[in-house]
Amino acid sequence: MSTLDSIISDLVVANRILAREDVVDAYGHVSVRNPDKPRHFFLSRSVSPELVERDDIVELGLDGQPVREEKRALYLERFIHAAIFDARPDIQAVVHAHAEDILPFGIAPATRLRPVIHSGSFIGSNVPVWDIADKFGDTNLLVANIDQGRDLAKCLGQSNVALMRGHGFASAGRSLIEVVRMSIYLPRNARALLRAKQLGGEIKYLSQGEIDARNRGYSPYSTETWRAWEYWANKAGCSHMLTKPDAHGHDHKK
Amino acid sequence: MSTLDSIISDLVVANRILAREDVVDAYGHVSVRNPDKPRHFFLSRSVSPELVERDDIVELGLDGQPVREEKRALYLERFIHAAIFDARPDIQAVVHAHAEDILPFGIAPATRLRPVIHSGSFIGSNVPVWDIADKFGDTNLLVANIDQGRDLAKCLGQSNVALMRGHGFASAGRSLIEVVRMSIYLPRNARALLRAKQLGGEIKYLSQGEIDARNRGYSPYSTETWRAWEYWANKAGCSHMLTKPDAHGHDHKK
Amino acid sequence: MSTLDSIISDLVVANRILAREDVVDAYGHVSVRNPDKPRHFFLSRSVSPELVERDDIVELGLDGQPVREEKRALYLERFIHAAIFDARPDIQAVVHAHAEDILPFGIAPATRLRPVIHSGSFIGSNVPVWDIADKFGDTNLLVANIDQGRDLAKCLGQSNVALMRGHGFASAGRSLIEVVRMSIYLPRNARALLRAKQLGGEIKYLSQGEIDARNRGYSPYSTETWRAWEYWANKAGCSHMLTKPDAHGHDHKK
Amino acid sequence: MSTLDSIISDLVVANRILAREDVVDAYGHVSVRNPDKPRHFFLSRSVSPELVERDDIVELGLDGQPVREEKRALYLERFIHAAIFDARPDIQAVVHAHAEDILPFGIAPATRLRPVIHSGSFIGSNVPVWDIADKFGDTNLLVANIDQGRDLAKCLGQSNVALMRGHGFASAGRSLIEVVRMSIYLPRNARALLRAKQLGGEIKYLSQGEIDARNRGYSPYSTETWRAWEYWANKAGCSHMLTKPDAHGHDHKK
């Protein structure tokens, strides 16, 4: 299997996993940069992530437009992905979703969402909240053009996750596996923090040193990272689509 | 497939979706107006929505009575639908349900349920709470006659959703797909608001301008609307029953 | 099918429904009085409700002992059932369970559990909390003999439900269907009240008149009651075991 | 089936149960001491608990290293198990997991997690919270060497459960069945306490006498204990792997 074939497969798996883990429902999407052409990225046409197949994957440019003629409808909010890939050359994969349990933190500005559990560390110590109304006034809240995407990307800055007020979040990772994992543990971290707040008293957040230590230990295909990917793919019924690069950088069908 | 056949199919699909999404359980129902005879509407006989088949669908008049002889038991609360269709010619479909997470807002009058997330915008800025006791005193809380239905419809007014104290809600949409979508995102909006309240501090609700902008963008068979309908039907195991009107207004089997 | 055969079938269905609806897990049980011998009742041997079969059903007396020689292990807490059937001739069926969402109300005595939703009305306006420690001091919290069962039955009095501090609840109904329905909606009512409390401000409980009106409308085999029973049995995968008495009081296989 | 074969089977079952009950996900693990060689214990190689098979089980020493040559990757945190087995000769089985609902109690130190429900009694009256930062400063929060494992075991002391700040918990039992049961009811006890706190007012915890009474009644293969094990194994789809020792101490295939 070529690298590109394997990336398309992984993107389909990522879609199915995010659906199975309730990060996305009919809405929400995940993209991955084309490693051969870093100013291109892959994203599904407009279809629910649970139903995405290889043929649904479309190649887009950093203006959010398809690089080949495409008659099928595209996601309205593809500009989120385009703008983040443009602003952040270090980023290889992006998720946008409406995962329910992060929503409260986007609409109750008095409480900042910060990592409190080790699996939540990758969201980073600064999770900005982007409010589309600040620059664009009354909209339908969708990121429907490249200007809006760029404003969101600017708010994201060098962070890994930005909450979007009344809407959802955008997360950016160094690999598809990382961004999926971050997007799954983000709502879990939000629930842990919400409930700790309900217990009351002081909250012990992860320290900056802990967040940094975890980040330094990151490896996209470590045994531990792969274990979760395999587990989620299995739950989502698509473990047969898994591909894993070997130690020499070649992909092979699992 | 004729338009009417297709509407009946859609109504069965709507029943199954609402059951799968925990909006209804053994109780709750969904109806659609007869496009050819606007003073008639379709509703299942008394059976759990999950189990509804085409043959269960009955045609009723705006007095809540069947238009043909019908020996099978009917829903006691069919008057909710009759009265709303009567009062609101703009409405094509109605849901009544007891979805658990909206119940707190019906019994804790100090907190108003308002849209806080973009998918909740269609509930509108004013969600009145109807208390059957205000006019009818001590009842079994069921809307069991046309007078009670009319009182509820009056409380609903020009809104899209009315909460029913200690009981559930009634929602009214411009299409079956819209009312189903609204009924699914209504509890999600309620949960987001409840949890934001738990975090404390100021809440950022959708502005009236945002609600209006989203409403203006509504289209009953847009790609985005259809995407959700297809997704939910698939989860509910009835995607084979989907019908989609083409651009010329003709229905065709998907 | 004889009446007794049909009662045994219904008891198996009740076990499976309560398991499917998360009212019981490995623990918890449901019993029904023998209509021919009112001082006898039927209860499964010691097995998880989800796994109960017809052959597991045992006939017990009001002392909690089997009326025939029985070598298989019995539920330790069968005395809950024996004592309630003894004290309450009006009661035909009993459930004991640990449903999670009622537990907070047993350990936080400042808040009384009361009906706030129409489907919760059958728990009645007075839901006493029984604390085994009040009379028996430090125990393992199980109702392990008839004295403890009688103390619980005394606390229950003429109510339909008693909470058991740090343990669960006992509910008593006029039929198997009623007690199952009550046991399913009891946790839902508890959740609605807990969340309304979180919203804050005044709570609108059902009035005594509303509770009475709903209670007067009770009919063990009404269309509405049967609809829920059929729905739950279907979800629990045992709709093929349903029996329904006809208008002449004869049972027939559905 | 030999005792050792049966222990390996039970360990596989324990893995699957903990996965099905959401105590573990891709991460978390369960171990059992080798009854013939008390300074050895069994643990899976690095694989998600849901996917563990007999061949994945590895035998480790109390230094956390495999007793035979092993090329497959091992769990990074196997030192948790090694250190607890070393410090606690009375303990036969250990679980480490990140079950979501205990996390708030590890990061909100003002509230102590204590038993409030009878099924939670086995966590004991003292559930210490271990903070890896107290001794090791800024780490990635993982227990990655034997020194860290020993520090955790020291904090655990004679208790049955220690919470790990921002991470999860470690639990220690007198048998595999006991530690699995404790690990399942630990989050349930946490939820009941959290919600009771939300209701407000005084909380009635289990008394020390009640905890002791329940502990005295413990028997690893009692009817009641076995009932739960069988129930969970059935839900996890591995009831065919159950083995149960007979009254003479021999194992037989169920």
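Letters A, B, C and D name the chains as they come in the text, with residue numbers starting at 1 for each one.
The rule we apply is simple: a residue touches a chain if its C-beta (ideal position, glycine included) is under 8 Å from a C-beta of that chain, and two chains touch if they have at least 3 such contacts.
The shown structure was predicted, so the numbers you read here are calculated from the model rather than taken from an experiment.
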Exercise. Any idea if chain B and chain C meet via the same residues, over half in common, or different ones?
Worked result: different
Seminar exercise, completed: Max Cα-centre separation from chain C goes to chain A
For this session: Could you please state the distance in Å, as a whole number, between where the Cα atoms of chain C are centred and where those of chain D are centred?
Result: 33
For this session: Could you list which residues of chain B touch at least two other chains?
Result: 197-198
Exercise. Can you list the chain C residues touching chain D in their complex?
Worked result: 25-27, 46-48, 50-51, 73, 76, 98, 100-101, 103-111, 131, 133, 137-142, 165-167, 194, 197-198
Problem set entry | Complex contacts: residues of chain C adjacent to chain B | 116-119, 121, 188, 191-193, 195-207, 209-210, 212-214, 216-217, 223-224, 227-228, 230-232, 234-235
